[in-house]
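For reference, the structure is listed below as structure tokens.
As written, the chain order gives the labels A, B, C and D, with residue 1 at the start of each chain.
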Amino acid sequence: MNSFTNDYSEGAHPSILKALAKANLEQNDGYGLDIHSLQATKLIREHVGDDKAEVIYLSGGTQTNQLAISCALRPHMACIAATTGHIAVHETGAIEATGHKVVTVEPIDGKLTPELIEPVLVDHYFEHMVLPKMVYISNPTELGTVYNKKELEDLYSFCQNKGLILYCDGARLGCALDAEKGKLTLQDIYNNTDAFFIGGTKIGALLGEALVIKKAEMKEDIRYLTKQRGALLAKGSLLGIQFETLMSNGLYAELSRKTNAGAQKIVKAMKELGFQFLLSSPTNQIFPILDNALIEKLEKKYAFYVWEKMDNQQSAIRLVTSWATPEQQIDQFIEDLKNLQ
Amino acid sequence: MNSFTNDYSEGAHPSILKALAKANLEQNDGYGLDIHSLQATKLIREHVGDDKAEVIYLSGGTQTNQLAISCALRPHMACIAATTGHIAVHETGAIEATGHKVVTVEPIDGKLTPELIEPVLVDHYFEHMVLPKMVYISNPTELGTVYNKKELEDLYSFCQNKGLILYCDGARLGCALDAEKGKLTLQDIYNNTDAFFIGGTKIGALLGEALVIKKAEMKEDIRYLTKQRGALLAKGSLLGIQFETLMSNGLYAELSRKTNAGAQKIVKAMKELGFQFLLSSPTNQIFPILDNALIEKLEKKYAFYVWEKMDNQQSAIRLVTSWATPEQQIDQFIEDLKNLQ
Amino acid sequence: MNSFTNDYSEGAHPSILKALAKANLEQNDGYGLDIHSLQATKLIREHVGDDKAEVIYLSGGTQTNQLAISCALRPHMACIAATTGHIAVHETGAIEATGHKVVTVEPIDGKLTPELIEPVLVDHYFEHMVLPKMVYISNPTELGTVYNKKELEDLYSFCQNKGLILYCDGARLGCALDAEKGKLTLQDIYNNTDAFFIGGTKIGALLGEALVIKKAEMKEDIRYLTKQRGALLAKGSLLGIQFETLMSNGLYAELSRKTNAGAQKIVKAMKELGFQFLLSSPTNQIFPILDNALIEKLEKKYAFYVWEKMDNQQSAIRLVTSWATPEQQIDQFIEDLKNLQ
Amino acid sequence: MNSFTNDYSEGAHPSILKALAKANLEQNDGYGLDIHSLQATKLIREHVGDDKAEVIYLSGGTQTNQLAISCALRPHMACIAATTGHIAVHETGAIEATGHKVVTVEPIDGKLTPELIEPVLVDHYFEHMVLPKMVYISNPTELGTVYNKKELEDLYSFCQNKGLILYCDGARLGCALDAEKGKLTLQDIYNNTDAFFIGGTKIGALLGEALVIKKAEMKEDIRYLTKQRGALLAKGSLLGIQFETLMSNGLYAELSRKTNAGAQKIVKAMKELGFQFLLSSPTNQIFPILDNALIEKLEKKYAFYVWEKMDNQQSAIRLVTSWATPEQQIDQFIEDLKNLQ
């Protein structure tokens, strides 16, 4: 079965496997104090333009969200997220498990704006309600859409005025940067958030996310908090080596480009074939609308999620590509579409 | 610097790297539902002799302890551990962070016995105190000592009589099995605990621990609980492939043997040279007692921890070997000892 | 200022003060093991018709909700509540602070039905989402509306079929029973929930809620859980004496009747004067719709909340009466309405 | 049975009952914003000499300890307490339930000193261990002993130098002040701690503890945190009226004096009769050593705890008096001792 189900079906980019093999018998310091983690951090600091940026390497997105959110909040504080936000729906209450309510807001195309957040602040006006203190966004969002630089600047400026911490889930951050290539950089993300993470799992790594923290209060004792969450790997070099590789020679950007390219090739072809989309996504998650009969035929050969029923005849499906999705699989899908339509 | 600091300095056994490379471009199901994880589970079930055993693959020991302990306890219940137990001292309060008190007992050579636990049950007799409901042990212990089959049977029988859950931290489980080779098997561990984990990180894996659960109440919804703790890796095959490899062709036993062998070679040589030890450890962590002057000389060439001051002249040091510690480094250390003594 | 703000402005019913004074110098056992608590429990068990019912006396509603909900759920389980439910909005995230997500449903007049809950169960279908395990309702609801016997039976039957625990917040339970007098009893509440509480604070006590538990799993070790939450009063007789008094000689019913009567007298008068209401409430919280000009005039003499803006000219206000609201204050308010209208 | 079991057997001092009755039908603001709570706070601020002191009224000691400790710590921080400390043994893991480890130290006569705490700081030196950030003491201690002014000053000075927060459980604070009358005042307690509480339950109130906070970081949003813990009483005036009464006309000091006087009268008489004591306590908890045969005889007439077995023939018992213990009961006990000895 050819999979368009997600972007974590395959393993790591070959140059990562090569780097792991090369360093395999080195005797490295444990718990993220190895030379590779230090070097990866040096590279990330260069990318974000601040040699004081704190960088912590973690195993997955939910773990990273838990750490970043819980390290910043006192018990009565809450995190605002879109109703579609990953922490709001697909992390099995991981944030609530740290004691914090997630206050949800209906987003526009998966994105939050100052206008959408403002009413939450007005509503939560006294001590019988949680105190919203953080805003969680994903870039790209869970719907594949992207915050551009202006949108991020506006949101961050709003958050700063309101005393809110802005945190960005970057599980697929490279895809957002690629979609806004030349207009949005890692440094822009850093400048316009208090903390964010650079997703590795979905952009070429075996596993790994790099949490980047700008806000001083969140940096404090972060290694204690990481260890307490069971998130400090003994063989921390495993993450360090991967991010050292991803952050060198433009590999992260190149894999992000490939990740988007597959899906966007399909978008282009489907638009030419006259298909509609649930929304316009410039990244690797796309939501074309198909006749149910066509969906059934495609399901015999391809794996993907049926996302939303449009009416009795049509549904939106979700197609996801990764840096490793074979070019041939993409071309064949387009070909099949033409023939089956 | 030649390291005897720990058993997680190096990467993975070459056959693991090979297996990862081989499966790298497969499109596997996510979140531990891939064929490799399923196969690893099949192998582990064969080893423990129960095809109903639940197996969950996790990233590290602290994470595994948190999940196993918190999944079994209601809020007022506590876990009994040795004062030297990893959860009691070196996990930054990870168990307390899940809401549960760790009640400590002074162990004998790092080990707990029914006689040591009994008074805790007597003391905790009413609702103004926590309710001890679980016993945490490590095998081998944090001091390198090993519970033999009889000790485990006695402890488990005691726990069952008292309504206590017995959980075994097996970060170096292979080393215990190797030390008791022919007398203690994975199936014995399974039969005499409610849950335990098979440590991968310290026995040849890049990372990974396999939590094996026998007790029905702990199995229930375990995947929900794993996800909620941020512990369900998207690319779960990374762990599945490694355990599939470790559990095949006797690799886990072979690496465990190597892990112990290095340290025990040093033990043998040092005994012949007349050195004393803090305690008798048959595994890969050993605690020889040396003159401080000798320690200083050795520190110029080797990395290790000074564990405990014996008197003004002597200290116990901790030496740890791994499956990857070069034979040559071990021989050189023994040679140097002879010359420096 | 004459207050219609809430039903906890005044102290306790005189017969409660008298009972406290009478028992004041007795030497009672601590922590709820005193003869008065035992007698109160005996009386409550008679009311609910089960001498195995567990009864725990607590200080307030939020504390009671926290205990009842957290004692019943494993970490990944969630509680379903109306968006207007007290735990969802006005308890500062107290339930999330115990680690559990509150999944909200848009209610009808503040009430939940099987039809409203069903989609939540369908949506939460796998381990990446919390597992809904409990349903929280209030009777009367936060909008003053009441679940009748049939509605409760239907809801409980649905919950039992779905493996859901049904828990009822009865902060003003007497008001619901009074509104359904002759058709809904304390025993009906007990028979159609797994646990509920009998509110004392708002029905004549200085403070105190009696949590009544039917479900065996929630009873287990409940005193441990109560103590752990800081909810086991040293002088437990303070609560025991009050509930002993409330549960004797029909006092609870009588005070509930008075609590409702004041508000309903206003309802009757306002209907005759032609006023509309936001919704039809048969209890002590009512929501008449008034011209803003009239509201302003009333605010000079009476304290109450403006609840909801209807349009530019009119708003709904909330009026609340208690057993202690002076008859004269009610009559004067009606009189003033006639004059000011 | 005449009880020397504890100091919470009886109800409230008559002047408190009188004050409650007097204010009973007032319409007071809820949640601690009533005029009585405000007045009580004004009085406490005068006592401690700081009109910026934050005062929060709570229902019991465990609840107060939970709030005070959890409001001050980030997740990885721990609280140091004596092994005999109430939070360490008799609160069912209430502090761990908020996620924080309690690190225990063997005290001297129930008391902590800088010398006893220092090694804990040395031991907890890196991120694999919790970070001790707070010191919990009780004054009087659980053994009835008292910190004098010099001891408090030394301890607070040490804590400030080490960046530790000093918090004092004052469940029986009046007894400590009475024992050190003229040498230790409420203002001294305030000056030499970051936060403490004035116990009401055990000194004449029906229930209630007044948490007094000096440290700015702990004051912040304290009403949110109180509400979230289910600790903000709707009828907050119940606590306000009691503390208004206790803090007026020297009532708290007078009741504290009476509380100590009973026990100390017994101490004096027993010393004259030649009895030994487990330790020297100047407050209302005393620990005389008696022959087991004598204990048996006394148990027929008096209720008290057998505290500790001294040898096969003798045990220490605990006798506790309250402000309400009848003078006659005390005299009779002394008389009986003389006759039974």
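Remarks
As a convention for this text, a contact is a pair of C-beta atoms (placed from the backbone, for glycine too) under 8 Å apart; a residue touches a chain by one contact, two chains touch by 3 or more.
Bear in mind the structure is a predicted one, so any value in this text is a computation, not a measurement.
Greatest Cα centroid separation from chain C: this falls to B.
Taking A-B and B-D together, the pair of chains sharing more C-beta contacts is A-B. Look at where the CA atoms of chain B average out and do the same for chain C: the two points lie 51 Å apart. Centre-to-centre, using mean CA coordinates, chain A is 34 Å away from chain B.
Distance between chain B and chain D, defined via averaged C-alpha coordinates, is recorded as 43 Å. Along chain A, residues 75-76, 91-93, 97-99, 127-128, 130, 224, 227-228, 232 each make contact with two or more other chains. Touching chain D in their complex are the following residues of chain C: 1-3, 5-6, 8-12, 14, 17, 20-21, 23-30, 59-66, 91-94, 97, 201-202, 206-207, 224, 227-235, 237-238, 324. For chain A in complex with chain C, the residues that touch the partner chain are 75-76, 78, 89-93, 96-102, 127-130. Residues 70-71, 74-76, 98-99, 127-128, 130-131, 220-221, 223-228, 232 of chain B are the ones that touch chain C when the two sit in their complex.
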